[in-house]
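Next up is a structure, given as C-alpha cells.
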Amino acid sequence: MENINVTVWNEYRHEKSEEHIRAIYPDGIHNAIKSYLDTVPGLTVRTATLDEPENGLPQEVVDSTDVMLWWGHMAHGEVKDEVVDRVWRRVQQGMGLIVLHSGHASKIFQRITGTRSYDLKWREDGDKERLWVIDHSHPIVQGIGDYIELEHEEVYGETFEIPTPDELIFISWFEGGEVFRSGLTYKRGSGKIFYFRPGHESVPTYHNEKVLKVIENAIFWAAPTVYPKYGTGYVRPLEKVGGKEIK
Amino acid sequence: MENINVTVWNEYRHEKSEEHIRAIYPDGIHNAIKSYLDTVPGLTVRTATLDEPENGLPQEVVDSTDVMLWWGHMAHGEVKDEVVDRVWRRVQQGMGLIVLHSGHASKIFQRITGTRSYDLKWREDGDKERLWVIDHSHPIVQGIGDYIELEHEEVYGETFEIPTPDELIFISWFEGGEVFRSGLTYKRGSGKIFYFRPGHESVPTYHNEKVLKVIENAIFWAAPTVYPKYGTGYVRPLEKVGGKEIK
Amino acid sequence: MENINVTVWNEYRHEKSEEHIRAIYPDGIHNAIKSYLDTVPGLTVRTATLDEPENGLPQEVVDSTDVMLWWGHMAHGEVKDEVVDRVWRRVQQGMGLIVLHSGHASKIFQRITGTRSYDLKWREDGDKERLWVIDHSHPIVQGIGDYIELEHEEVYGETFEIPTPDELIFISWFEGGEVFRSGLTYKRGSGKIFYFRPGHESVPTYHNEKVLKVIENAIFWAAPTVYPKYGTGYVRPLEKVGGKEIK
Amino acid sequence: MENINVTVWNEYRHEKSEEHIRAIYPDGIHNAIKSYLDTVPGLTVRTATLDEPENGLPQEVVDSTDVMLWWGHMAHGEVKDEVVDRVWRRVQQGMGLIVLHSGHASKIFQRITGTRSYDLKWREDGDKERLWVIDHSHPIVQGIGDYIELEHEEVYGETFEIPTPDELIFISWFEGGEVFRSGLTYKRGSGKIFYFRPGHESVPTYHNEKVLKVIENAIFWAAPTVYPKYGTGYVRPLEKVGGKEIK
C-alpha cells in the first residue's frame, strides 16, 4: 500500500532573517513539522519553500502531492499566480490542503474561500490560548481531549471574514478577551481543506505535541483516499474521482 | 398592516420561590421582556407560563402566535407532551421560535435539534461574558456593534451537543476560560429558530439593552413573513406557505 | 481487528402478507440485504424485526450495534417509544444509522430531523428512476459511476420536509417529472446518519448491485471508527468519544 | 425611503450577432429583464454590457449598485480582471449578486465559489425543464407555486462542481433524464449571492412571468438592507455593516 505524499510548504523568511525566530525553528517551520511527520507510519514527507525555483512547487511536485501544508505570512504577494493556479487546480482534483496560521491571508486560501479571509482582529501580546474541541467525534481531534492549551500565542479575534465552514472543529479562547474559529473545514471540488489557526513564528507552537497530532490527524482526514474499507484504505488515483473523469 | 403576534413563555418558578431572583424580576422574566417589547412598534405581545392551564399554551394561543419565546430551567419535565407537540407543529408551519438560555435543555429544543442539547459544561461563578458578533451583516445583530459584554453571567462551555447550526451569530468568551456558541439559527419546516444563550435567572441580563435589542431583532427575523417587499412586509397566512398546502 | 457489527432492522410485514412481495423477498428485505453484506469482509451482520420481543431491539442488541439499517413502512406507529429512545441515544453516542426508503416517516428519523419528514409527494406508477451522483468524491458513491438506474420504482417528489442536509449525495430523476433528494447525510451527537431513498417493497431494488454497494459503502462511512490511520481503522469504544465522557 | 439600485449586466453578444436570438431579445437580455423590473415599485434599474468602456462597470457604477445581475456566456474571458475585482469587493461589502444561467462559468462566480463552477453536463436539445421548489417558505419562491415549467431550455446536468450551497431553492428536472441544482444561495462577506439556472439565449425564458418573479424576489432578498423592521426596510449604507468598519 502506497504512502500518502505530503508536501510541507513554508514561506521560510522569518527564520532566516530574525535571530529569535531561528532560535525556535533553526531549520525552519517546515522542517520542524517534517521531523515530526517523518515519525508517522504511512507518510512520505517533502518540503518546499518560497525562494526555491517556482516557489518550490513545479508541476511535477504538485502532481505528486496528496496533501499539502501551507504556512505563509509576510510575503503572500510573492507567490506566483501560476503556482497558486496549479495548487488550486490540484485541490479541485482531490488533493488535501492544510492551511496554517497566517496562511489565512494567502492567495490560495482566498481563492478557496472567495472572501477577504485576511480580515480579522489581531494583536501580539503573548496571551494564553485555549483551543476548545467543538466536535469530539471528528477524526481531526482524536487523542486531543477537551482542549489544547498554548502558554503564549499571537491573538486572532473575530470577525474572521470567511464563508460558513462545513465543519467547525476548534474555537479559541484568548486570555485578553477574544474568541476565534480556529479549526474549520471546507470542501472544494474533490479536495478537503482544513484551516488551523495556531503557529505564530515567534512561539514554539509546532513543538507542541497536541498541535502536531492535530496536523497528523488532518493529513489522514484530508488525504484523497476512498474512505478506507475497514482497515484497508488506499490512495485514489486522482485522474478518476469516483465515476467522473477529471477535466 | 397587522402586527406580529409574540408570545413570551416562561417557566416562572425561580421568581416566585427565590427572594434574590424576585428582586431582579419582580413580575417574572416574561414580563421584563414583555415590558421592553411593548415599546416596539409592530409587535403585539402576550405572556404564558408553566403553571397556567395547558401550560399557558392552549391550541388557540399557539395558533395565533407568529413568534414564541421560550425560557425554562428547573421544570422542563413538567411541560405536557401534547403542548410540546402543538408548539413543534406550529414551528413546522412557520412560527418563529426563540429559545433563551437554559431553554437549550427544553423538550421543544431537543425536538428541534434531534440531539442531547442539554449536554454542555456549566458553572455559576459570576464570570464576565463577552458575546462576539460572528456575522455583522446578519439582521439579528444590527445595532449591536462588535460584542455584548455582561458583567456577570452563568458560564456555559463547549462542547454543546447540537447539530451544526445553519448560521453562527455569536460566540461567547468567559473570564474563566470557556467559549460557547451563544447565538445560532436553525430552520425546521417553514419555521425559523434562534437560540440565544445569556439570561440566567440570578443576573439582570434581560435588563441589558443590547440583549433586548437582539431579542427584538430576532423576532422580526423569525416572523413568518414573506420577505418584505421593499418596505411592505406582511404576515403570511400560515395555512399556505408559498404554493404548498400545509397538512 | 474487530468487525463492524451491523443490525439490519426491518418491519417485515409486507413480505409475510402479500404474495407478490414475498416472491421478490422470500425471506424478507432484511435477509436480502444481509445475504449481500455477509459476503463483505469486515462486517458481522444480524437482523431484527418489528414482531420480535422489544421489536427485536433489546438494550444488549442496540448496545452491541455499530451501524443500524432501518426499513419500515406500514407500521411505524407500532415501534415502541422506549425502543426509539434506545436507538436514538445510541446514535448520539456514535452508532451509524442508515434509513431506507419509507423509513423517512419512521419515529426515529423524525426524531433525528426534527421535522415532519413524512411530508412529500408520492405515487406508485412504476416509473423509471435515475439517481444522479452529486459528489463523486464522497466515500458512499465509490464504484457507482455517474448514476444508478432503476427500471421501476415508487416515485417520491419534492418538497421533502427535512432540514438542509450536511451533504447531498444523490438527486433522483423520475420518468413522470419529479425530482427528489435521494441520498443525504446528517450528524447528530457523535452519530452519522445516511438516508437512502430507493427500496419500495414491490420492486427488486435490494437485488440491484449498485444499490447494495451504496449500502455497503455507507456502513463503512457511518461506522463509529476513529478515522482510520492509513490502513489501520478500528472501532472506537463508544464509552469514550475523543476526550469526552459520554453521559 | 430610497430605492434599491439594480444593475443588470449582460455580455450582449449573441443578440447582436445571431438573428434568431435577436428575434427573441431585440434589445438584449438585459433590456428584457429591465423592462420587467421597471414595473416593480422600489427598484431603480440600470443596464451595463461587456463592450462598453470598463465593461460597463466603472467604479462609480459598482459603488452605487445594491444588487447586480450577471448574464454571460461566450466571452467570460473578455471581462477585465480589475472589473471582476471591483465587483467581488463590492459583494464582500454587501452588494447582492444574482448570477444567471451560463454566468455559472464567469470569472466572478468562480471567484465566489472557489471551484471549477464551469464543470457540468450540458446539451441543447430543447428539452422541457421543470424547476421544483425545494423550500416553499423561502422569500425567493413566493408566488411561484410548486414548480416552474419551461417548454424548451438548454439542459444542464449534474455533477455541477460547486461548494455545498447555504440554501438549495430549486432542483430542475429535464425531459431527457438529467437533474440540476438550479437555484442556490451563498453568502460571501456581507454579500448574498443567488445562482438561477434557466435563461439560454435561444429561448424566451426571460419573458416567462414566473422566472421574472423569481428574479424580482431575489433582488429584494439579496439587497443589502438591514432586515426590514416590520414594514420599514431601508438600505444599509455599505460603509458600515453592523458595528464593523469596512476596510
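Letters A, B, C and D mark the chains in the order given here, with residues in each chain numbered from 1 onward.
Keep in mind that, in the parts below, contacts are C-beta pairs under 8 Å (C-beta built on N, C-alpha and C of every residue); 3 or more make two chains touch, one makes a residue touch a chain.
Just so we're clear, the structure is a prediction, and the values are computed from it rather than from any experiment.
Undergrad: Between chain pairs B-D and A-D, which one is joined by a greater number of C-beta pairs in contact?
TA: B-D
Undergrad: Since chain C and chain D are copies that touch, is their contact same (over half of the numbers shared) or different (under half)?
TA: The interface of chain C with chain D is built from mostly shared positions.
Undergrad: For chain A versus chain D, what separation do you get between their C-alpha means, in angstrom?
TA: Taking the average C-alpha coordinate of chain A and of chain D, the gap between them is 34 Å.
Undergrad: Residues touching two or more other chains, restricted to chain D: which are they?
TA: 133, 136, 146, 159, 164, 166, 189, 244, in rising order.
Undergrad: If you look only at chain D, which of its residues touch chain C in the complex?
TA: Chain D residues touching chain C: 130, 132-136, 146, 157-159, 164, 167-168, 171-174, 177-179, 181.
Undergrad: In the complex formed with chain A, which residues of chain D make contact?
TA: Contacts found on chain D: 89, 92, 111-116, 119, 159, 161, 163-164, 166, 186-189, 244, 247.
Undergrad: For the complex, which residues does chain C have touching chain A?
TA: These residues of chain C touch chain A: 1, 3-4, 41-43, 94, 133, 136-146, 166, 189-190, 217, 220-221, 223-234, 241-244.
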